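We call the chains A, B, C and D, going by the order they appear; numbering starts again at 1 in every chain.
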Amino acid sequence: MEIVNKKLTDAQFDALRPQVLSSWPTGGDVDFDEGVAFHHDLPEAKRFPVALDQADQARRVLLQPRAGVALLEEHIALLQLLSTAADVLPTTIDAYTRQNRYDEAQKGIDKSRQAGHSLLNGFPAVNHGLRACREIIERVEKPVQVRHGTPDARLLAEITLAAGFTSYEGGGISYNIPYTKKVPLQKSIEDWQYVDRLVGRYEAAGVRINREPFGPLSGTLVPPFMSHAIAIIEGLLALEQGVRSITLGYGQAGNLVQDIAAIHSLRQLARHWFEAEGYSDFQLSTVFHQWMGGFPEDESKAFAVISWGGAVAALAGATKVIVKTPHEASGIPTGEANLQGIMATSQINSMLVDQQASLLPIVQPEIERIRREVNTVLRAVKAAGEGDWATGAVRAFAAGILDVPFAPSIYNKGKLLPVRDNEGAIRLFDFGAVPLDMDTRAFHAAKVKERSTTEGREPCFQMVIDDIYSISKGRLVGRPR
Amino acid sequence: MNTHTIVLGVIGADCHAVGNKILEAFFTQAGYRVVNLGVMVSQDEFIDAAIETGAAAILVSSLYGHGEIDCAGLRERCIERGLENLVLYVGGNLVVGKADFGATRDKFLSMGYDRVFQPSVDLDGVLELLSQDLAARAGG
Amino acid sequence: MEIVNKKLTDAQFDALRPQVLSSWPTGGDVDFDEGVAFHHDLPEAKRFPVALDQADQARRVLLQPRAGVALLEEHIALLQLLSTAADVLPTTIDAYTRQNRYDEAQKGIDKSRQAGHSLLNGFPAVNHGLRACREIIERVEKPVQVRHGTPDARLLAEITLAAGFTSYEGGGISYNIPYTKKVPLQKSIEDWQYVDRLVGRYEAAGVRINREPFGPLSGTLVPPFMSHAIAIIEGLLALEQGVRSITLGYGQAGNLVQDIAAIHSLRQLARHWFEAEGYSDFQLSTVFHQWMGGFPEDESKAFAVISWGGAVAALAGATKVIVKTPHEASGIPTGEANLQGIMATSQINSMLVDQQASLLPIVQPEIERIRREVNTVLRAVKAAGEGDWATGAVRAFAAGILDVPFAPSIYNKGKLLPVRDNEGAIRLFDFGAVPLDMDTRAFHAAKVKERSTTEGREPCFQMVIDDIYSISKGRLVGRPR
Amino acid sequence: MNTHTIVLGVIGADCHAVGNKILEAFFTQAGYRVVNLGVMVSQDEFIDAAIETGAAAILVSSLYGHGEIDCAGLRERCIERGLENLVLYVGGNLVVGKADFGATRDKFLSMGYDRVFQPSVDLDGVLELLSQDLAARAGG
């Protein structure tokens, strides 16, 4: 049976729940009502949706790092350090937990204890369990979000939300296609319906929890219209399950105009589609990810990339910016390196946040372009699903209507080929099976031609490879040397 | 032109696909027969593929930080399964955190890898080393 | 007798020369013809005007640090280190030499030898003399410029130019008003006529030496029209003496639109005035100074300020950018810190240099405004001088027609009071005696009012002080807390 | 409100004028009678002004890095010229380069300055210290 975008009934949800909670021993500690009671007692300062709302109202950009280590005390100390400079905090989950490999996560915890430093690339929240997660919320004075990359994130959600986390990243598409190889899309969308329904239940119990689809996807030359289309679909799926606070994300491309247009169009398009599909009374915000592709190894150069991300986040007026660090090219950052990224971002952010208005005139045409592309693709997805967004998403990926460049999933066609134009904006070199209209195709082709003329070479896969390496090698457009 | 077969893949629960796709394109263009297992490859999958295709080398990638855990024991397992003469390379962001590369290299050399590479490695250089190592292995 | 803007005759120049050369013993080594011969043998790669030309043609932005230490070997090693990343190099002169206090410079050299590290804030080129300066040129593989702040820079010029330096910063106004307290403007302009005439003589001998008036002045809230007016006057004074390669400078204000407009208008206005005054056959380029006011102490924040400067230099298409360092707030940078600033700038520069065109539409109105202000002021200066730019400059400062905010010179009125507007652009709060037209005044007043309404406080000196501190405290507009 | 006179100035060949103008505004607003000598002030000019105006304190600024050379001997010279009881402060970027402030402070304390300040100093705090020090000096 194909999946449908329909709110899970209480009976359906309750039937799934025991199996979820018993998939690892720590699931047994989850008590929804106790969780709700704890949330009700949380001070405003620890609530993610409140922080987002206040930021949008004050036209400020919230700064958020990524951070997670293997052991609880170290993790709390890390977040306490970062909370001196960040506005909202993460708990980044390790990669074994993301694949539900709790045995291996346990090995990672044990070896980290022996080694005296973290051997895991995140905090294994499921293994540590509810009490430990609760301690994070109790001992950290700012809102904390679960950030991960988990196709089946049901148990993780049950534990962390009951523990008091007030925001949960991910989605059935965005935490599958870039993060897995063989998980069927239908399966991950189904499992995320569960997560969204859980959030919807908290909402119904008076506890607002923010949900954030993962915007950047593969982080590598993703054209804005594609990540927007997917973000909006995930937003629709979440709304249907009762989620009411949604943050849609976008990963910096590098071209100033395109990136500002992307944030504006994301906000506009999401509102439009959410309302057109009959949802209202939602709280919508945006998150801008500083450059998500390969970073330069040199830390000073990394600071420049970070600063440019901070600059554009401010000029675009995103609600939140996810901050990279000078260690990005090398490894999980130390707390200090993480702070450095936040400090640089904070400086440039507050220097530029008053300057948004002057750029509006030049971004309008690009907003219009993205809008047209997104609308075309979303209509095609809806048509593919015969009106149903869940079915539509699954069929659209199978048909290549939705297609994420450089994603590892076998359920992703991988036929769409992006390339930068002469000003560094991401355009399409091969449209794959994405059903863009003729004018749009002609526009992309002309832009790519302009560049290939400048460089005196035909558009080719080497050009794409050059673009993948470009920022790590100190440029934006991967010109031949 | 050589006609060696090499196996590529990203080990463990690691989903980083971009470097892997570039390595595939690069070694293919250089004339190798490339068997690319993509991301999230287990040790046994690497070995199965090498046996099946008669590969002369396995090039393991690990980007996400769990390399230290995921890569340990691969050499022994190769030998167990009868792959005595295999060239074994590993590259990427091999450990958690920004570490001194010398120490990381020693760690992975002592695990039995023939060569250990940083992300910033020049691939043309790797090509040369690989053909030397394959020649030496064939001769020895 | 008042000073006039008239090319010094050979007789006048030759009469002054012995006195200049004998003002410190090392002057005796200067041999103009030998210097010319040395210049003729210099490879292209060591010639400043060539580098500027190539950069403008390739639409690249040259990166230049500031650097100078007390002792020769250390200074050469420093430049060699920086030449791995910089495009063109400096030799920054110490502050005693700038005041012709060669005795004290000598003490600084001696004490530095004892201490084992530099106790001077620059390289005392006069004390070290011609042979030492020649060694710099011989052992450094890129063009080197003398950067200083010297009201009477005649001997310094004689020595360094004969030694083979191919660019010389400064001017009779820009190296007086911000750098001295009691030197009469007439005196410094006269002394700089000598310097320019010397450069003109090299030019006549087939040796092109670049001249660069110091654009940023006090580095503190200087409105673009004021620094432009002064830069253009200094350009005219230099042209008259036979200089042919001129780089006009501008110090970053912080507002994107204003800064881009400033670089564009500087280039346009200079060309216009130079040609209108009858000069042709000059080589004109621009230099953008990364933020010249107080820096944040935190190095990560400093990286953000540096990166923003690098970004705007690229987007504005300046010929050259002067790079700050993460040590700026604290002290003269180490070579490593200097490299860090260059690396960050290099990264952001090459990421943005292809994106200039898209910003043009939004900077036009600001270009128009600056043009109008500059033209008004320059016409008033010319009128004050009854057609003579040198006389005009002296009288204009006396009358407050030219007025540099926060400058120490007693020959500067200091009545002009700048303040940031709501988007961080520098506007005028008190016009002093600057003869701007009524529409322009109304525009400034409206902009200042807009901000004071936002902040709920009257424009006042405290607002100006808040703006002086703002960037060092992590913002651009100095809002009340 | 106090009615002490204080002398301000930037010592040596130093032209940095901005901080000096802010200090003048700040101490004036705080009620001091401020004699501001501006930039490029010699040791003797400081002392002449202090004698002439009966100042209770001299606040020396040095931003440009030659502080170590320019500021040495001022205390001795004050005493020579009969200013025994003067409060002597110094602040700014006192040495060449980014240095550990503890070492810099010790260096200037041992030159006879009563207090030594970094650029990032909170001026309200200075105000308090100054009134304490002036009171103590008057009492002692």
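Note that contacts are C-beta pairs under 8 Å (C-beta built on N, C-alpha and C of every residue); 3 or more make two chains touch, one makes a residue touch a chain.
Not measured: the values here are computed from a predicted model.
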Chain centre separation in whole Å, for chain D relative to chain C (CA means): 30
Mean-CA-position distance for chain D and chain B (Å): 66
Mean-CA-position distance for chain C and chain B (Å): 54
Distance between the centres, which are taken as Cα means, of chain C and chain A, whole angstrom: 45
Residue numbers of chain D (touch at least two other chains): none
Touch-based graph of the chains, sorted into line, ring, star, complete or other: line
Pairs of chains, among all present, that meet the touch criterion: A-B, A-C, C-D
Interface residues, chain B side, partner chain A - complex: 12-15, 17-18, 21-22, 25, 38-40, 64-66, 68-69, 93, 95-99, 119-120
In the complex, chain C residues that touch chain A: 254-257, 296, 298-301, 303-308, 310-311, 315, 339-348, 350-352, 354-355, 357-359, 361-362, 422-424, 471, 474-477
In the complex with chain B, residue positions of chain A that touch it: 95-96, 98-99, 101, 104, 107-108, 111, 117-121, 149, 178-182, 218, 220, 293-294, 297, 327, 329-334, 337, 406-408, 461, 465, 468
